[in-house]
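Below: a set of structures, written as structure tokens.
Across the two complexes that follow, chain A remains constant while its partner is chain B and subsequently chain C.
Entry: the complex of A and B
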């Protein structure tokens, strides 16, 4: 199937055309239009590289409530264009939309923050196109799209969800792989964000910024990667820091990271709970907070909001 | 210096890394002994990047052990009694220019107390290498031996063991050093789980992947040792030596 470079933006709010124009999308205004007919017409055209879809389409013509929801349209579009990413946008509070409905989209964003997601949306578009062209001969081939360190491939294979292991040629593979990469990005384990990376190397985030260039080779540059919210392969971070500053007996990465060039006392990490040095992990402030700080393992316990998962760090919270 | 019954530094460290790799990826370990899995992951990365300086490992896991139980039994998670002992497992393989300087494995049994971790037992399994500089040790001892207590590990102090708690065991007294087979990480962890078992740890020990690791380490560190013992006992070189003649070093 041929895939065009076009982006369709389907919406019943004409004011969003300007945003659609900014990202080079064809705006399909369905205000007072018959949505079924419009979608039928679109499906006769070549598959686009991305569809952006308003989640609430209550200003379209017709009274059938099924056709007032972007999620219903998303499923119809996926039926025909299974390798095309569908991104939902909404003004509704995301927490009020049930997970089943959210899963109809490859991603669902709040329109009010749309500009923050432009790079991610670009990464989704490029990633799906790459995967559509890619001919995986086995699940290990899929992993090559992540460009992982060689010695992480076996663990990634073990961590790979069954649907990706068994259906690596299925048209839904791009959607499934995106979901998995999102998890790898969100949950520290294989990949670390800047706070985890800084803590692993014994530094605060300001200190990590000073030496971040040393860790270029650890940056995740695989499919769906974005530069405005980078992640680092944790195994490469430790490899680089240990090779630059070989550890003495008893020293771990959070000790030797402080020997990196340009690092001063003010760049050292410290435990948010006990104020002592060398915190080893990042934890939430409490079971309701989304704020995280570096802490000692001993100053935390398991955060009940998260399940323990093999190959991923435990999600912990500060001791009360 | 090397010992003719002991593996090369490379082979030993490679083998210990495979044990850490197993511990960090095992579901039972991760779900039940998070610190052990986490430490295995962190020390794996450390040693993999720094082969030439040797190998280090320190971790612990908590178990319930009936003889250590006092008072009425209360069940906690998954119908199991809450742990009452902390088992510390540690290893240090120190190299200089690829040559063994020191090899030691430690098992400590601590009570899980409200304050600190009183040490109930602590053992070191050491391999002693001649320094090669002609200097004699203050007292000859077996090149592979078991020592009761030994010095405090810095990581144990960080864990919360108090100096007074180790002093009760009189760590200044190194003797007797008991002639003993060499230890390895998988053999140490396996022994700890075997001696302080529960149903799940027994299943873990029974998995073919773990048994394969054990068998490989037995072949690596025990087979040559026992072969040498046997050679001495049957006197294949007709030298009329005792095990002590052969294994004690100055």
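Entry: the complex of A and C
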């Protein structure tokens, strides 16, 4: 099947056309239009590289309640264009949309933050196109798309979800792989964000910024990676920091990280709870908060909101 | 040494019957339990009043002979259990308290945990009448053996050994028969059956009928247990007691998916009678699916429609052992749906996540019902076990579901996903009504109390006059009684009466005034939600403008590009501030979490201060929080409550420093003192005289010396009036209420040098 480079933006709010133009998408205005017919017409065209879909389509001409939700249209589009990513956008609170509906899309974004997601949308588009061209001969081939450090492949294989292990040739593989990469990015374990990376190297985020260039080789550059919200392979971070300053007996990465060039006292990390140095982990402030700080393991306990997962860090929260 | 042998006297039978089985109702329950333990799936109980009243000599409870009427009803207990062989009857039937049941803890065929533990159920027969006809059929080596025995209990006379009494019986070998046992009991000397006892029987049997089937390891699949009950004496014929059970709780839901996929839900429930809703979407793949679900809150009797079928205790037992919604596929149960620990409807998951908001599809409906908050209605969702019933997947829908060979679930998620959606829709819809009726019930109770008062007084009483009228009645009655007392005591009583009635009257007046204000405040919350929606649209527009500017920025020269970058950044900052305020309004007005927790204070304090950023910047107010420990946690308290406390106290401090003029400083300190966190908010504002330290916590008395609002009038920019300049007069009283509920307190303390006011909050 031929895949065009086009992006379709299906929406019943004509005001969004300008944004569609800004990101180079073809705007399909379904306001007072018959959605079924419009979608039918679209499906006769070559498969686009990405579809952006408004979640609430209540200003179309039809009365059929099936065609009032982007999620229903997403299912129909996926049936024909199984390798095309579908991104939903909405002005509604995401937590009022149930998970099953959310899963109809490859990603669902709040439109009020659309600018922040433009790069991610680009990464989704590129990632799906890469996977569509890629002929995986086995699950290990799939992992190569992540460009992982060689010594992480075995652990990644163990952590790879069953559906990806068994259905690596299925048309849904891109969607499933995107979901899994999202998890790798969201939950520290294989990959660390800047706060975890800084804490691992004994620095605060300002300190880590000073030496971030040293860790270029640890940056995740695999499929669906984005540059404005980078992640680092945790094993690579340790490897680089130890290579630059070999540890003495009993020293950990957060000790030797402080010996990196240009690092001063003000760049050292300290535990948010006890104010002492060398925090080992990042933890939430409490079970209601989404704010995280570096802390000692001993200054935290398990956060009840998260389950423990093999190969991933425990999610913890400040004691007290 | 001589050997002694002992015999059992026939009197023991009546002793056991009378003493161990206290009432006729308990006796009959024991007999049905025996049927249950014999793996019966259906049992019929008949209580037929005896139309012939014959004079009869009987013994009363004290053992005295009395002349009574042979008036007790004839009892039939007919089950389709495994029955007994001739040898079973011979060996076990008359053996008192045989260890048979104690040795075998579960029934042989379905592995049911035994219910009649003591092995005395059969002697209940003796308790129920003077004559028993036992007809029992059991399978024996590919044929059936039927045993019929007539027990004439009067033959078992005191002084006569049991082994010396013979009973006539018959043993038959049959090629075709249905196993089971029939007990026909006649000749009860007294009619002990009253409504109370009959209801007791129904409640006990209802517990047994809650068994709607289960698979137990190493046993055949248990299809469940049904009881039909005929009791013409009570004008009752219940073909299926389980049906009555499901209709006995707060409500029962019926769901039907018609051809074409139209989903109709009907709810019969307390206070609302019958209500119907149709799902706005169609589910053609589910056509012919139906469900019957009983909604069984266990918290109180007030939410039970038929207390003759369930009691608080029996319902708890039913919910614990048999709660949950099962799925049946063409009549066969599919596991593990509805099994303990299985949450296929995601009910317990949502409760665990403290999900309070309804799905958008139900929100417009909920918003129409008075007193129901669509964002909080799910707080009334019960645990998955409190929904008891079955979902039937009929023939037409069967093609959308493919059960696994083991009948352990379905292949794929498609069918079950849709099924979950419609059943949850029905349950969530019923939850909205439950939330609605709770408010309704309180109102009804108040109305009833008012009507009773009207009857007693013989005059109309307005709703708002109920408390004062009731007080007048109490006052008059006490005064009348007091006239009989000696003078000193009478004066004492009248003094106490005056003090008490005045206190109640004043408190009532204050409450009504507070309620009036709260109603006004609450009415603005709808506007706030509309406004929030508008702000969200505005934020989306901000985002669009920024994206367009980003695009333009790349096409213009550097100086223009820099200017555009500043504009984009300003847009970004404004958007962030609005987003923060928006998230705060939804946090306060739409409380998502129902459970209090320990919360870090520092980040919340920073967030609350940011809400006043515009005003603190333009009036150069310095808010210092250096003395707030970053690691300090407070509570358990709801996040919304903590913000409410902080925003109210900060707002007061900010207003005060603006009103005072001069140095505008607010300093917040917080530390752990023993088991409590102590927060001090000090300011350089107008101050408060010590004599008003307590009074300001009374509603509408926040500015006793009129210093605050007079100062604000002269110093506050009228444009800023809406931010801090006006007050409901309820802020401090709300703060005190919240803290007191959470085991804390709030009071003013004498400020140290340099400060004009210091309010101290103590929290666990």
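Going forward, the second predicted complex is superposed on the first by the 320 of 320 C-alpha atoms of A that agree within 3 Å, B and C clash if a C-alpha of one lies under 4 Å from a C-alpha of the other, contacts with A are read in each partner's own complex, and residues count from 1 in each chain.
Just so it is clear, contacts are C-beta pairs under 8 Å (C-beta built on N, C-alpha and C of every residue); 3 or more make two chains touch, one makes a residue touch a chain.
This one's a predicted model, so the numbers in the text were calculated from it and none came from an experiment.
> Decide which partner touches more residues of chain A, taking chain B and chain C as the two options.
After superposition, C is the partner touching more of chain A.
> After superposition on the shared chain, which partner residues are touched by A:60: those of chain B (first), chain C (second), both, or neither?
Neither partner.
> Check whether A:252 is in contact with chain B, with chain C, with both or with neither, and answer first, second, both or neither.
first
> After lining up the shared chain so the two structures overlap, which partner does A:120 touch, if you call chain B first and chain C second: first, second, both or neither?
neither
> After superposition on the shared chain, which partner residues are touched by A:269: those of chain B (first), chain C (second), both, or neither?
Once the two structures are laid over each other on A, A:269 reaches no partner at all.
> When the two structures are overlaid on chain A, which partner does A:151 contact: first (chain B), second (chain C), both, or neither?
It touches chain B, and chain C stays clear.
> Should A:310 be classified as contacting the first partner (chain B), the second (chain C), both, or neither?
Only chain B is touched by A:310; chain C is not.
> Applying the document's definition of touch, where does A:297 land relative to chain B and chain C: first, second, both, or neither?
It touches chain B, and chain C stays clear.
> Looking at the overlay, does A:239 come into contact with chain B only (first), chain C only (second), both, or neither?
Only chain B; A:239 stays clear of chain C.
> What residues of chain A sit close enough to touch chain B in their complex?
The touching residues are 151, 155, 158, 234-235, 238-239, 242-243, 246-247, 249-250, 252-253, 297-298, 308, 310-311, 313-314.
> Tell me, which parts of chain C touch chain A in their complex?
Those in contact with chain A are residues 280-282, 357, 359-360, 417, 421, 536-537, 539-544, 546-548, 550-551, 575, 579, 586, 592-593, 597-600, 603, 630-633, 639.
> Residues of chain A touching chain C in their complex?
Going by the criterion above, the answer is residues 15-16, 18-19, 22-23, 65-66, 91-93, 95-98, 100, 111-115, 118, 272-274, 285-289, 291, 299, 318, 320.
> Give the list of chain B residues in touch with chain A in this complex.
Listed in rising order, the residues of chain B that touch chain A are 25, 27, 30-31, 34-35, 38, 42, 45-46, 48-50, 52-53, 56, 92, 94, 154-155, 160.
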